[in-house]
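One chain, subunit A, appears in both complexes that follow, with subunit B as partner in the first and subunit C in the second.
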Partner chain A sequence: MQTSSPRTDRTGRGANAASRPARRYQYSAYLYILPALLIYGAFMLFPLGRAVHLSFFEWDGLTLGTFIGFENYLDIVADEQLRAAFVHALVLMFFFAILPVCIGLVLAALLTRAKVRGLPLFRTVVFLPQVIAMVVVAVTWRQIYAPDGLLNSALRAVGLDAVTRSWLGDYDIALPAVGLIGTWVCTGLVTVLLMAGMAKIPVEQYESARLDGAGPIREFFSITVPSVRAETTVALTLTLIASLKTFDLIYMTTRGGPGYSTTVPSYEVYRRAFELGQVGSAAAVGVTITVIIFIISLIVNRLGERSSA
Partner chain B sequence: MRISPFERFANYAILIIVALVVLTPVATILVTAFGPASASDARVSMWHPENFQAAWVEGRFGQYMATSVLVAVIVVTLTVVLSSLSGYAFGTMRFPGSTPLFYLFLLGIMVPAEVIVVPLFYDLRDIGLVDTIWAVALPQVAQSVAFGTYWMRTYFRGVNRSMIEAAKLDGASSRRILWSVLLPMGRPALTTMTVLVFMWTWNEFLIPLIMSPSGQFRTAPLGLAFFQGQYTQGTALLAAGAILVALPVVLLYIFLQRHFIKGMLEGAVKE
Partner chain C sequence: MMRKRSIMVASIAAATALMLTACTPGSNNANPSDESTDRTVKTDVSAMGDLTLTVWDQEVRGGQDEQMTKLNAAFEEKYPNITIKRVSQSFDDLNKTLRLALSGDDAPDVVQANNARNSMGAFVQAGQIVSLDPWAEAYGWEDRYSESVLTYSRYSSDGVTFGEGSIFGLPQVGEVVGVFYSKSALKDAGVEVPETWDDFTSALKTVKDAGQTPLLLGNIEKWPAIHDFGLVQGALVPSDEIATLGFGNEGASWTTPENEKAASTLATWAKDGYFNEGVNGTDYDAAWQKLTDGSGTFLIGGSWLAADLEDAMGDDVGFFAPTSSVGEGIHTTGGTGLPFTVTSASQYPDLAAAYIDFITNEDAMQVLADTGNLPVVNTADYAPESGVQADVFGVFHSVTTDGVLLPYLDYATPTMADTLGSSLQGLLDGRTSPEEFTKAIEKDYADFVAQN
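Showing the complex of A and B:
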C-alpha cells in the first residue's frame, strides 16, 4: 500500500506548519465532493437503504406490501431453493477462488524463479480472460460444452466416448462445469498478482535456503508461500467476491438449471424480483450477498494488517 | 541463480500448456465465427468473414454497440470529472467529517449491483425513469465514482505537497491548482482509471438488463444474450456477435495492457 494512514499524515504535515496555518479547515472541499455525492447518494446509498427496507416486506412489486419482519431472511435457511443457491455459491467459491489460488501459487513460483523468455507475453495471455465480457466467455464455453462441441469431440477422438455428455445439461456435472469457467477466468488475475508479490522476495533468502539443503518443494512452502501472504489474501478476496457475483455467467449458460442444480444467490435475486414477483425476498437475498461481501473484505483486511505488522 | 536444463525445460512446458489452456477457447470462438453458418455454406468454403456483417445486421449489433458507446461515454466522462473533484478534496484538503465521508464512498466499492438494482428498478419505474439512458448509466456512474474517488484520492495524496504550496504562493486558486497543475501531472492515474471504468461499463450486464426492460437501450452484451436466445442453431453468427462485443475492450487491452494489469493490481491491493 502506498497510501499513508490519516494519522501519520497529520503528523507528517507538521513540517509544513510554518507555511500554512495548521488548523484551518477548507470548507470549499464540500463543494468539490457534492456532485459525486449527489449521484452516489441517489443511485447507490439510497437504493441500498431501500433494499434493506424492502427486505422486511412481502411485496409483489405492484400491490401494497405487507411487513413480515425477518421472515425473508429466515427463508434463506428454510427455503430449499434458497439454501441450495447459497450452497452452490460455496461450491463456486472453490472453483473461482481456492483452485485459482492453488494453481496461481505454483505457476507464479515457477515463473518468478525461472529466467525464461516471453514472460511478458505470457502475462498478457493469462490475464486476457479477465478483460473479456462474461457474456462472451459464456457464449464461448457453451459451445465448448455443447453435445457436439470441442470437449466431446476431443474425448471421442481419444476413445473416451463413455465420458461424453451434455456438460451443462447434467444434474451432477453442470455446477462444476460452470465452476471451471470461473477457474479459467480467475487464474490469470491471481497468477499475475502473486508474481508481483514474489518478485519482491530477496534472492538471498533462496540462496541461504539452498545452502541449508532445502529442495524446491521445501523452498516453495517455507519461503515463497509465506512471503506472499498479503497478495494471497487480496487474490482470495477478489475471487471470492467475483464468485458471489456470477449472475451473467449463470444467466447465459444454464439459467440455474437443469432443475435448480446451478442456481446461485445473485441469480435468485433476479428470478425472485423480476420473474416470480417476490421482491422482498429478492431484496433479502441481495442484502445477504452484500453482508457476506463485507464480512469477507473485513476478515481479509484484518489478516492483511496482521501480516504487514 | 542457476537453473538446471531440466527445470528450464519444465518451465517452458508449463508456460506453453497454460497458454494453450487459456487460448483454446479464444481460438474456438474465432474458428467458429469464421466458419460456415450452415451446411450449404460449408459446401462453398470454410472461410466466411461475411458472418460478421450478417451478425451485425441480423443481431442488430450496430444499434446495440451505439448504445454501449453512448453509455460508456456518459459513465466514463461523469466518473472522471466527479472523481477528480471529490478525490482532490479528500486528498488535499482538511475539513470536518472527511474520514467518515470517505468511508461512505469506500462502502460503494463493495456493494454489488445485485442489491441496488431491485429497489432502483421499482423506484425509478414509479418516477418514470426506467427505460431511459439515465437509468442504465447513472447507477454505473455511482458504482464507478466510489472507486474513482478512492483512486484519485490516492493519486492526490501521493503528490508532493511542495508543488501545491508553490502554486499557492504564486496566487493560484484551489480550482486552478487542480486544473493546471495536478490534473496534467496525473495523466497516468487518469488514463488507468478511464481504461478500467470503460471496461467495467462496456462489460456490465445486470444493470442494463434490468433498467431497460423494453430493450430500447440494450447494450452490446445484452444484444448478445438476446441473440443467443433467438439463434440457438446459428453458432457461427453467435460467435461472430460475441467477437464484436468483446473486440473493443480486447483491442484496448492489447494496446494498453500495461495500464490494464497495473490498474487491476493496484486497484486490488488498495481495496
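Showing the complex of A and C:
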C-alpha cells in the first residue's frame, strides 16, 4: 500500500501542474481503475473497516454486541497476556529480521565473491525454506525439537547429554526455539535478495579498494554493505512484516505454550475470536498489528530512502 | 485538486458514517422462537409430505462416517417422502462455522453441537436451538438414556445452568477416559492390574522402581493433560463437586483441599519422574504411540484411542478406570459424542426430532456397534467378547450405570479450555504450585459464574 501512495501523489501533482484541459481526462481515468478499486474495496477496505467497527464492541460472535468504545484497545495495554504477546513479537523480530539480515549479508558476500562452482545449487538450497509451506516447516521442526527428536539425538551422539531438553516444552527456550525456525526460513529470502544486489556492484570498486590495501573484512563493511542498502531495506520490510504476522508457525508448533510463553499478537487474534469468543478484542488486536506493521514499514522505507539518497 | 480532495474526504466520511451506523454485531441474528413446551408433537413421518431435512454433522472419520451413511439411507428407505441433505465436516470446521450458520437465513435443521458452554450453552442462550422436551416425552428418551448421559445435554432455558433443565440434544456415542496399559510391561514389573485408586498409585511406584516409565503423556497441544488431571480429580474429589465445577454452575469452588490434593498429586508425579521426559514438548500422538513400542506402561487416555491401540498392540493392551477413593463406584471423566440438536430456524422440528430419534434408537445402536463405535445406550449389550474394546465397553457401562460420568472440565466456561490447558502446563513444569493452579482456575470459574 505504501509503495503506491507516493506514486499517485506524484501523478496528482503532475496533473495539477499541467494545463487545465487535462483535467477532463482525470475523471475518465478513474473509470479504468474502478473495477480494481471496487474489488479492492469489497475485499480489503470493507473488511478492514468492519474489523475497526467490531473492535469497538464486546461481542461473543453470537448474541447482541455491546458498544464499549476504546476499551478493547485499553485492554491491550492493561492485559498482561496481550502485552506479553507484543513483547514476544519484538523477540521474534530479532529472529525473523535482524538475524537473517546479518547472516544473509555474510552468506551473500561469500557466495558472490567466492565464485564457487555450482552457485545456482547453493542459491536454490538457501532459498528452499521459502518454497515450503509454513505448516510443513512447522511440523518438521516440531519433530526435530521433540524430546527424542533429531536435535536431541544428535546432541547425545556427540556427548552433549547435558544440553538436551524438551525444546518446545521449556518455558525459557520455547520462544527462541520457535524464533530460530523463523531465522531458518527467512535467511534464504534475504540471501537471495542481497546476492542480486551484490551482483550489481562493479568489480572495479573492489579492485581499487584492494589497491588501497583493504582486506576482505574492510571490503565487506566499506563496499558491500553500503551498496546493498536498498535491498537490505526491502529484506527488512518483508521479514519484519513476516515476524509480526507469524501465526501458522506458532499454531502448529506450540499453540502459544508452554503456558503463554510463545503467544504472539496474530495468534491472540485467532485464540480470542475462535476459541474464547471475544470477537471485539480479537478485532482490536488485529487492527493494532495492522497499524504497527504499517508504521514499521513506513519507518524502514524512510530510513532506506534517506540513506540511499 | 481541491475538488478531488473534497470528494475523497466526503466519500471517506460517508463510508465511515455508514459503517458506524451499520447494525450492531449480532443484531441480525434469528430471534429466539417461542416454542411452547405443550405443543402437539407429530411423530408420523410418512404423513409429513415431501420434505428435505438438512443435517450438519462432524462424523467424518471411517466408522463414524459409515454409520451415518447407513442410518441416513435407512431413514430415507423407511420414509421415501423425506430427502436428507447431509453436510459433513470435521469437528474443528464445524465448530468454527456453526455460529455463523445458525445466525444466517439458511440455517440447517439438525446440527451436532458440542455440549460445552461456548457451543451448546451459547446457542441455548441465544435461542438458536430448541428444547426437545416435548419429543423426549413422546419418544420416551428419558427411559432410553441413562440420566448420567442425559445430564450432558441439559440446560436451563436461559442457558445459565448446565446439567439441569430441558434436553437440548441427543448423542449417539459415548466417550470415557481411563487408563490404557501394556500387559507385558505390567507382567515384567510384577504388578497386577490395579482396581482401586491406591492400587494404581502404588503400581506407578513399583513400575518406576522396576525401571520403566510409568506414565505417558504428550502435552504440547495443551489439552491432553486435562484428561490426566480429570482422572486424578475423579478419584480424589466428590463427584457432585466436580460436576458443578465442570458444568460451570454456581455453588462449588476450586480452592478446596481435595482439588489442591489432586493438583499436587499430578505435580508430584511429574516431579518424581513418573512421566516421560519433556511432556510439554511431546506430541499427543507420539505419546500414545510410545505405549505400542513398549517405552511406557500406563497411558491416561480416552476410549477414542482404543481402536488404534488395538491395531498396533493386539492383545497386549488393556483398559481400566480405578474406583475412586471417596467411596462411590468408578467416577471418571467422560462424555458423549456431540449431541444432535434441532435449530430454532428449522421449519420442520417434528421431522428433525423424528430423525434424531431414528439415529439413536436400538437399531441405530446396533449399527453403531457394528461400525466400531461405542454406543451410548445399553453399551454392555454390544461389547465385543475380548480385547481392549471389551474393556472399554465394560468401563463405560459400569460408569454410566453404577458410577458417575464426570463432565470434561473445559465445558465449564468459554475460556476454561485455555486457562486449564495453560495452567496444567505450568503445574507439570513445576512453575505453578498446586495452590496457584487452583487459584487460577477458580478465578476463571468464579468470574464466569458471577457474570452469567
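Details
Note that the second predicted complex is superposed on the first by the 267 of 309 C-alpha atoms of A that agree within 3 Å, B and C clash if a C-alpha of one lies under 4 Å from a C-alpha of the other, contacts with A are read in each partner's own complex, and residues count from 1 in each chain.
Note that in this section a contact is a pair of C-beta atoms (placed from the backbone, for glycine too) under 8 Å apart; a residue touches a chain by one contact, two chains touch by 3 or more.
Since the structure is predicted, the reported quantities are computational estimates derived from the model, not experimental observations.
Contacts of A:101 after superposition: neither subunit B nor subunit C is touched. In the superposition on chain A, contact is made by A:26 with both subunit B and subunit C.
In the superposed model, A:61 lies in contact with both subunit B and subunit C. By the touch criterion defined above, A:269 lies against subunit B but remains apart from subunit C after alignment on the C-alpha atoms of chain A. When the shared chain is aligned, no partner comes close enough to touch A:240: not subunit B, not subunit C. More residues of subunit A lie in contact with B than with the other chain of the pair subunit B and subunit C. Contact with subunit C, but none with subunit B, is seen for A:145 once the two complexes are overlaid on the shared chain. When the shared chain is aligned, subunit B comes close enough to touch A:110, but subunit C does not. In the superposition on chain A, A:50 makes contact with both subunit B and subunit C. When the two structures are aligned on the shared chain, A:228 is found in touch with neither subunit B nor subunit C.
In the superposition on chain A, the residues of subunit A touched by subunit B in one structure and by subunit C in the other are 16, 26, 50, 53-54, 61, 142, 274, 279.
Contact residues of subunit C toward subunit A in the complex are 1, 4, 15-16, 19-20, 22, 24-27, 29, 95-96, 99, 102-103, 118, 122-123, 125-126, 128, 219-222, 276-283, 286, 414-415, 417-418, 421-423, 425-426, 429, 431.
Within the complex formed with subunit C, the residues of subunit A that make contact are 12, 16, 26, 49-50, 52-54, 57, 59-65, 67, 142, 145-148, 165-171, 174, 254-260, 271, 274-277, 279-280. The residues of subunit B lying in touch with subunit A in their complex are 1, 3, 7-8, 10-12, 14-15, 18-19, 21-26, 28-29, 32, 78, 81-83, 85-86, 88-90, 93-96, 98-99, 101, 104-105, 107-108, 110-123, 138-139, 141-143, 145-146, 149, 154, 157-158, 161, 165, 168, 174, 199, 202-203, 205-206, 209-210, 221-222, 224-225, 228, 235, 238-239, 241-243, 245-246, 249-250, 253-254, 257, 260-261, 264-265, 268-271.
For subunit A in complex with subunit B, the residues that touch the partner chain are 1-4, 6, 9, 13, 16, 19-20, 24-30, 32-33, 35-37, 39-40, 42-45, 47-48, 50-51, 53-54, 61, 107, 110-111, 113-116, 118, 122-137, 139-144, 150, 184, 188-189, 192-193, 196, 203, 206-207, 231, 234-235, 237-238, 241, 244-245, 247-248, 251-252, 265-266, 269-270, 273-274, 279, 282-283, 285-287, 289-290, 293-294, 297.
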